[in-house]
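One structure is given here, and the rest of the page talks about it.
In this document, chain identifiers A, B, C and D correspond to the written order of the chains, with residue numbering beginning at 1 in each.
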Amino acid sequence: MTRKSDNDQLSFTSGRIKKIGILTSGGDAPGMNAAIRAATRSAIAAGREAVGILRGYQGMIDGDFIPLQSTDVSGILQLGGTMLKTARCKEFRTPEGRRRAKEQLTAAAIDAVIVIGGDGSFTGAWVMSQECDIPFVGIPATIDNDMYGTDYTIGYETALNSVVCAVDKIKDTARSHGRIFFIEVMGHEAGLLALNSGIACGAEVILIPESKAQHDELQKFLEKGYRDKESSGIVMVAEGDEAGGALHIAEQIRRDHPDLDVRISILGHIQRGGSPVARDRINATRMGIAAVDALLNDQKSIMIGLDNNRIVHVTFNKAVKMNHSIDTGLLEVHNLLNGM
Amino acid sequence: MTRKSDNDQLSFTSGRIKKIGILTSGGDAPGMNAAIRAATRSAIAAGREAVGILRGYQGMIDGDFIPLQSTDVSGILQLGGTMLKTARCKEFRTPEGRRRAKEQLTAAAIDAVIVIGGDGSFTGAWVMSQECDIPFVGIPATIDNDMYGTDYTIGYETALNSVVCAVDKIKDTARSHGRIFFIEVMGHEAGLLALNSGIACGAEVILIPESKAQHDELQKFLEKGYRDKESSGIVMVAEGDEAGGALHIAEQIRRDHPDLDVRISILGHIQRGGSPVARDRINATRMGIAAVDALLNDQKSIMIGLDNNRIVHVTFNKAVKMNHSIDTGLLEVHNLLNGM
Amino acid sequence: MTRKSDNDQLSFTSGRIKKIGILTSGGDAPGMNAAIRAATRSAIAAGREAVGILRGYQGMIDGDFIPLQSTDVSGILQLGGTMLKTARCKEFRTPEGRRRAKEQLTAAAIDAVIVIGGDGSFTGAWVMSQECDIPFVGIPATIDNDMYGTDYTIGYETALNSVVCAVDKIKDTARSHGRIFFIEVMGHEAGLLALNSGIACGAEVILIPESKAQHDELQKFLEKGYRDKESSGIVMVAEGDEAGGALHIAEQIRRDHPDLDVRISILGHIQRGGSPVARDRINATRMGIAAVDALLNDQKSIMIGLDNNRIVHVTFNKAVKMNHSIDTGLLEVHNLLNGM
Amino acid sequence: MTRKSDNDQLSFTSGRIKKIGILTSGGDAPGMNAAIRAATRSAIAAGREAVGILRGYQGMIDGDFIPLQSTDVSGILQLGGTMLKTARCKEFRTPEGRRRAKEQLTAAAIDAVIVIGGDGSFTGAWVMSQECDIPFVGIPATIDNDMYGTDYTIGYETALNSVVCAVDKIKDTARSHGRIFFIEVMGHEAGLLALNSGIACGAEVILIPESKAQHDELQKFLEKGYRDKESSGIVMVAEGDEAGGALHIAEQIRRDHPDLDVRISILGHIQRGGSPVARDRINATRMGIAAVDALLNDQKSIMIGLDNNRIVHVTFNKAVKMNHSIDTGLLEVHNLLNGM
């Protein structure tokens, strides 16, 4: 982290950059629109032009650009998804694809690019920025909140609340029927969403890839259920859990305990959309401004992050190579409250 | 329908019934608690006692009864699920099971029973009421809204809104990525939930068991997508659709159109719980009162229904034997708006 | 009610009408956008043109028209407010104003007009339609649900749920603090919203203009509070209640009972906006189609209504002159449950 | 801040404390129940007893205590308000009141007390702890988030989202009608809620007590409205704003600009209740555990806080005497985006 700004103020010093391209890439996340709006408006406030690049790197290769005025980003702050659309793009992984992308940017006189996305998106930006002289700045947006160097990624807080609302509903049924629900939430290799939603919902057991010991907690819960003749509850399962996801685990439990009423719910895409909660709107707004500020201060190949609620700059190098570790203290919080 | 009350007023004439048992049976539905509250309080208001029978017919067989005072049902109006819990009970399908249930009711001096549930629950009540002299009155509660003789069943309106909220979120992602989502909603043999939520969400295609022609609409939508080079949209699939559910259909589309980005979301149990919407709270309240009123007017073996927003009585005989047909006019509404 | 269509199907017979103007007028209501979308798309499906008239009758006078294509109304189904904007317009009440409006319609070749609004909006349409040969059809949209001849007006169901959600929250505080909250909801001369939300929230007392006797219920509640030493609860007050609204009543209670902890909450404009609930989206969609259908079947000076969930036609004459009465049965439901 | 725990783990060393009293005091805040649940369950997990003190200090004086088992706090995690109820208590401000409170605690063998509340509640705890040997630990709960020494207070995040949801709805109407809404949110002397919700909602102007310069922004906005002939927008007003609240400001604007359509909405108590969002549930849970942990480590007269998402201890002395300053960087973020 090279620079810690003391506040969210802008200081536009660089005269080199006249036109800033903005794109969203990878999975969509609630709050992306808020970041687009903030980046667009602060670019304009700084006397620059803003251009939307449609469908991520694919649109960069295709030259699919739209000018962004202040009114174009009006009324999008509270909308989920991304107005610039997003896509995964294989062609951009080839030197030829990136060469074409460079040509399109040059033809459109785009001087710098803000990439709103996750790990893979920043890797692409980093590779391309090493091949040409166009500065890239990243804004982390992924509901997994698993990026190194930042406490926060856009969309996480909304996804967390979407999961909590869904589990609150399922809990009504679990209690009414005396059922055990295995609920699978997103998190390829990161259990943060499962862990936090599990605590927020009072889940009986939380299974995350970061801790194998949690499977013992599941056994304890089942045994306790037998003792108390009360077998209802919620088991949160991170998608990436090594035991193979909710479906696999639930089937095993059904085999071992045929008398239990075990159900599965895979929350899937309802975790990804929806109007962003306040936190995601505010932080995405701050990050959008900070990205423009960074570019106009001649920064490049960095990701905007939040550390202790302050804007920080993290080099792409670190952001994409290093791992984000989970706070296992929270897991102990959970076990303490539920393992009695 | 034997009797049409002109309003929701009570007229307590029967002196025979002193103690009324209340149970919930089958799948839980939001608003069941509101019905329990209303039945309990109107029984007490009429100078009778109310008793909760836990876990449906299983609790009846086990004699699992709790007295219900006015304060016991305080603060439950807005809660999903059912405070009396629910279960499916095989034993009740045997004469021996029902004999034991009868003994338990007699031992507890329960004179009459209000059954809050669906088709299967009323069949049980009807069979038992033919074997003994205890009057049963039913209140329809199922999120499918597929009961004959009533425009409305408790929980449907909340489930409909839960589906709509979920699809609104998924639509953010569908648009952002240019994806086609197949969304499976509940409805064993009834497409009402899929049809209404599809219209409310502006789904591109709605597949329901009541209309095979809808598969042509799906083909038209896919072809239109090719023409317009815009293949994103929502396809609602009723669980019971004959093509085999969202999973099956989506896989077939993937085979036929490998270039499309097809995703599946099975909404599952999030449709079933949650705080009931206003309509479910109000109607469940009216039905709870009407059930007590019916019993105290010496009615039995009837289900409370709503016809043109008025309380009606439907004999169990009709309610469980006859089918609920779907309003295909709505389907044409949908096709008109989307088949352009 | 002159005509009852058996379903929501369209039969486009009139060749006279080529271009249909659509406007929203009066207070905005959630679902107006759904009606605009449906009217636009069904006009286009019938081979006609759709034109948006901005800011109600003001835009008609100013010639503020926008062509509406199918894509222009894409993505508005779930949005509150009205994309055509709305306004109250004094000028339209003058013959001169209406003459100018007529000229603008003629200049733009608009053959017919769909007015989405309330009482006052239909009065305007009725007057103008008597002065010129342009047919007008109305779609009732007002959160008060107080129109004669229809069971339903667009926006009511969403407003009802907005009130219920707000009161659920306030109830947390009322219980935690042992307070009595007077909550004022909209309803100029109609207590329907207060009555239904009061039942849905388990309000202790409901004060509506249609029933003076409810003030006795308030006294009973206060006295009961003294007996039980438990003075917390919710009193719903319709805006138009004769005692002068929540503020006035609460102040009087404070004077009479200085020991009570009395608070006031005026819900105000949060009742009016927000994403429409499923029911409002579906019914607004049906009504939008039915309005186009009516025009193309040479109907005029009628309002689209819902009677027993079927589309009906109500003459403007009746719709604006006759009163909507409230179902006092619901009030007795409420008093029964709370007056114990 | 005397001690910084590296995680949320418990280490129960003190054998002196056997029975811990828990109370909520001051205004209710969503998440209080989550803190009660966590404190109760971690006390029990540590082999201690938990006792609920009803209605804050009033219940302490009255000896209104209830034993708390693990199941007593089951199902409250997601509920707003406080199951222990709360009250303001004048008697506790007198030495005589506190003497009686001390006697009641002693009689019930309560060794230590956890106070969940705000500034005033901690002042009371601090005074009493200086007069007797019973240790007090505080958990900050107030929707204003204005406590010194902690980044976070229970309830703030939920209140922020409640405000944002309400303003989203009002914005529909503001846009549809071309109106300017003055929306008053809570915040006696702290504009944090107004500032953050204003950014999250894209409010045009934010008026907070911490910055007089914002009134110039209001003038600029009004002038810009004249230029653009577009006078619609949202003005957030913190309750404590020196110009006298939304009502006063709006009336002045109406006098100065009679042509503007100015409306007022005072959000009031809907900001205070409701099911807590995920963040409030999680942090309240962590703080509940940390409070028990602190007591069992012989801490007293401290408030649990969160600093950079870590549990910290802040002496009552500092917590109640020092002021919480607002991050004006956020205000500049806002002005940048809206002052164009």
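Note that a residue touches a chain if its C-beta (ideal position, glycine included) is under 8 Å from a C-beta of that chain, and two chains touch if they have at least 3 such contacts.
Just so it is clear, the structure is predicted and the values come from calculations on it, not from any experiment.
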Contact-graph separation of chain A and chain C, given in steps at minimum: 2
Separation of chain A from chain D, taking each centre as the mean of its C-alpha atoms, in whole Å: 28
Inter-chain centre distance, chain A versus chain B - centres from mean C-alpha coordinates, in Å: 37
Approximate Å spacing (C-alpha centroids) for the pair chain B, chain D: 40
Where chain A touches two or more other chains, by residue: 168, 175
Category of the chain touch graph - line, ring, star, complete, other: ring
Interchain contacts, given as pairs of chains that touch: A-B, A-D, B-C, C-D
Chain B-touching residues of chain A, taken from the complex the two chains share: 24, 27-28, 30, 55, 79-82, 85-87, 162, 166, 168-173, 175-178, 181, 263-270, 272-274
Contacting residues of chain B [partner chain C, same complex]: 6-10, 37-38, 41-42, 44-45, 70, 75, 77-78, 151, 157, 160-161, 163-164, 168, 175, 196-197, 199-202, 275, 277-279, 281-282, 285-286, 289, 308-309, 327-330, 332-333, 336-337, 339-340
